[in-house]
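The following pair of complexes shares a single chain, chain A, combined with chain B in the former and chain C in the latter.
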Partner chain A sequence: MEHSVHVQPNGHIVSFSGEIDLENSPAARTRLLEVVEYATTVFVDLTAVTYMDSSGIASLVEAYQRAKKTNVAFVLISTSPAVLRVLQMARLDKVFTIHETLEHAQHAKH
Partner chain B sequence: MIPVIEVKDVVTHYGSRKILNHVNVDIQPGEIMVVMGGSGSGKSTLLRHLIGLERVSAGSIRLLDQDIGHMSHHELTRFYRKLGVAFQGGALFSSMTVGENIMLPLREHTNLDEKTMAIMVRMKLEVVNLAGFEHLMPSELSGGMLKRAAFARAVIMDPALLFCDEPSAGLDPVVSSSLDELILQLRDALNMTIVVVTHELDSAFRIADRITVLDKGEVLTIGSVDQVRASTHTRIQDLLNRRFEETILDPDEYLARLTGESI
Partner chain C sequence: MNHFDTPTSDHDALVHRFPARAKNLKDTRTKVRATLTQLGYCPDTIEQVVIAIDEACQNIIRHAYGQETEEAIVLRIQYQQHDLHITLRDYAPPVDADCIKLRDLRDIRPGGLGGHFMHHIMDEISVECAPEGNGNILQMHKRFA
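For the complex of A and B:
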């Protein structure tokens, strides 16, 4: 897994790529929780994620809950079937705001 | 495609008794393989070999391209992270809550944050339709709920391989059918390769991509549901016919089983 954070005028973009699993999800969690602390809008770009296990999803859930408490917009960007299927199975596709592209996400109101 | 499970020429002896006799089975990634057979067919022994509880007398078993017969105890323990096992009776610890039981593999094999583990447990409880049951003790669950909780624990680490021992045994048809749905859902969502050992034919036909039929320690056939149904092999037909005998066996007894009241 690799990740990066880009600051743009309309929000912070946290991009992940590769596989997010039990080994590296703690790093993803730490980074997400950090960004949620100081951002007003967080775009989590998962389009380059090839696999995400439950620990990765749990990290997203925790960060999202933290964001909601502090009125930070928290938006996922993903078209990966591997990620979407796992979200759907836990019915989290009904919880998260998910866009197909970063452009769509940035133009939508949150 | 390289099989994720390779059972090669496996022979098992208990003393002078031969339990498995040159068994060969290959299972492909994402496949649901049902292993069927009557009592004494060797299906439970095969399962114990597959999950590393028992060594083979001869032959080999490769899981995810690794020969588990040559692994040390330490290697096998690490390898278990990739396997999930839903045992027949649930095998939950009675002194722990349902949530603690499900979290146990995470505590043993990972260093995840407590909050992450708690969310993972609740997510899996949602998946198996036991949301809100995490603080109950196993003794407070019904048979079907125990099986669901066992599934939640088996898949808490998102294993590549899931082994299920008689998931439908002792359950009424409605609960049994919902567990079958759960198995299909787990495969589709998490892309697991799943091996189900069962003698329940209805369940086998609902979930199987392929079926391995064992009889007296030998593989009678391996094929799709249609191929097994169409088999003219006498022993396979005996096995299939028993299904219909069981289905119409005794309506009163069946009704009593469903209602919990005898007539």
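For the complex of A and C:
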């Protein structure tokens, strides 16, 4: 897994790529919680994620809940079947705000 | 090594023994994908079964062993008339079968989803103590009618 953070005028973009699993989800969790701490809008770009397990989902849920508590907008960007599959199985696809592209997400109101 | 590590029939597609560490899960997923591809399953089915096996391995590491360890997990994939039978053997103390029970998904919280994924993907799941009294045997079955 690789990840990066880009700061843009309308929000922080946290991008992940590769496989998010038990080995590296703690790093994903740490990075997400850090960014939620100081951002007003967080776009989590999962487009290049090729595998995500329940520990990766747990990291997203924890960051989402932290964001909700502090009124930070928390938006997922993904068309990755690997990500959408597990979100649907966990019935979280209706909980998270999910956009197909970063451009769509940035133009939507959150 | 013991008999569990050795393919015993024509129906064995994969027998893979590895230390119960998170860093070994990626390689295990790769092996499972390759095996199921060889058996001719479609990509969507393969990815679902990969998730079920990966989550089962995580449960063994986190709940049966309680932490990462050099102790082994032995994965066996068998097939018969397209049905898949997956067995995961560990050498941890006996576990409560409730560790893979379903939780209410309306309760939005981190954690507890692995068991749900396994049940969602597979048709039957059971856990029992190993006959020798040393470890657990998790069995998962998926039928393809």
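Note that in this section the second predicted complex is superposed on the first by the 110 of 110 C-alpha atoms of A that agree within 3 Å, B and C clash if a C-alpha of one lies under 4 Å from a C-alpha of the other, contacts with A are read in each partner's own complex, and residues count from 1 in each chain.
Basically, a contact is a pair of C-beta atoms (placed from the backbone, for glycine too) under 8 Å apart; a residue touches a chain by one contact, two chains touch by 3 or more.
Note that the structure is a prediction, hence the values are computed from the model and not measured.
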Chain A as common anchor, with chain B and chain C clashing or fitting: clash
First, second, both or neither for A:19, with chain B first and chain C second: second
Contacts of A:86 with chain B and chain C, given as first, second, both or neither: both
Touched partner set for A:108, first chain B, second chain C, both or neither: neither
Which superposed partner A:95 touches (first chain B, second chain C, both, neither): second
Chain B versus chain C as contact partner of A:58, first or second or both or neither: both
First, second, both or neither for A:48, with chain B first and chain C second: neither
Selected from 57-65, 237-245 or 255-263: the stretch of chain B that, after superposition, runs into chain C: 57-65
Chain A residues contacted in one complex by chain B, in the other by chain C: 21-22, 53-55, 57-59, 61-62, 82, 85-86, 89-92
Contact set on chain A toward chain B in their complex: 21-22, 25-26, 29, 53-55, 57-59, 61-62, 82, 85-86, 88-92
Chain C partner contacts - residues on chain A that touch it in the complex: 19, 21-23, 51, 53-55, 57-59, 61-62, 65, 81-82, 85-86, 89-92, 95
Chain A partner contacts - residues on chain C that touch it in the complex: 22-23, 25-26, 29, 47-48, 50-51, 54-55, 58, 61-62, 105, 108-111, 113-114, 116-117, 120-121
For the chain B and chain A complex, residues of the former touching the latter: 81, 109-113, 115-117, 119-120, 123-124, 126-127, 156-158, 185, 188-191
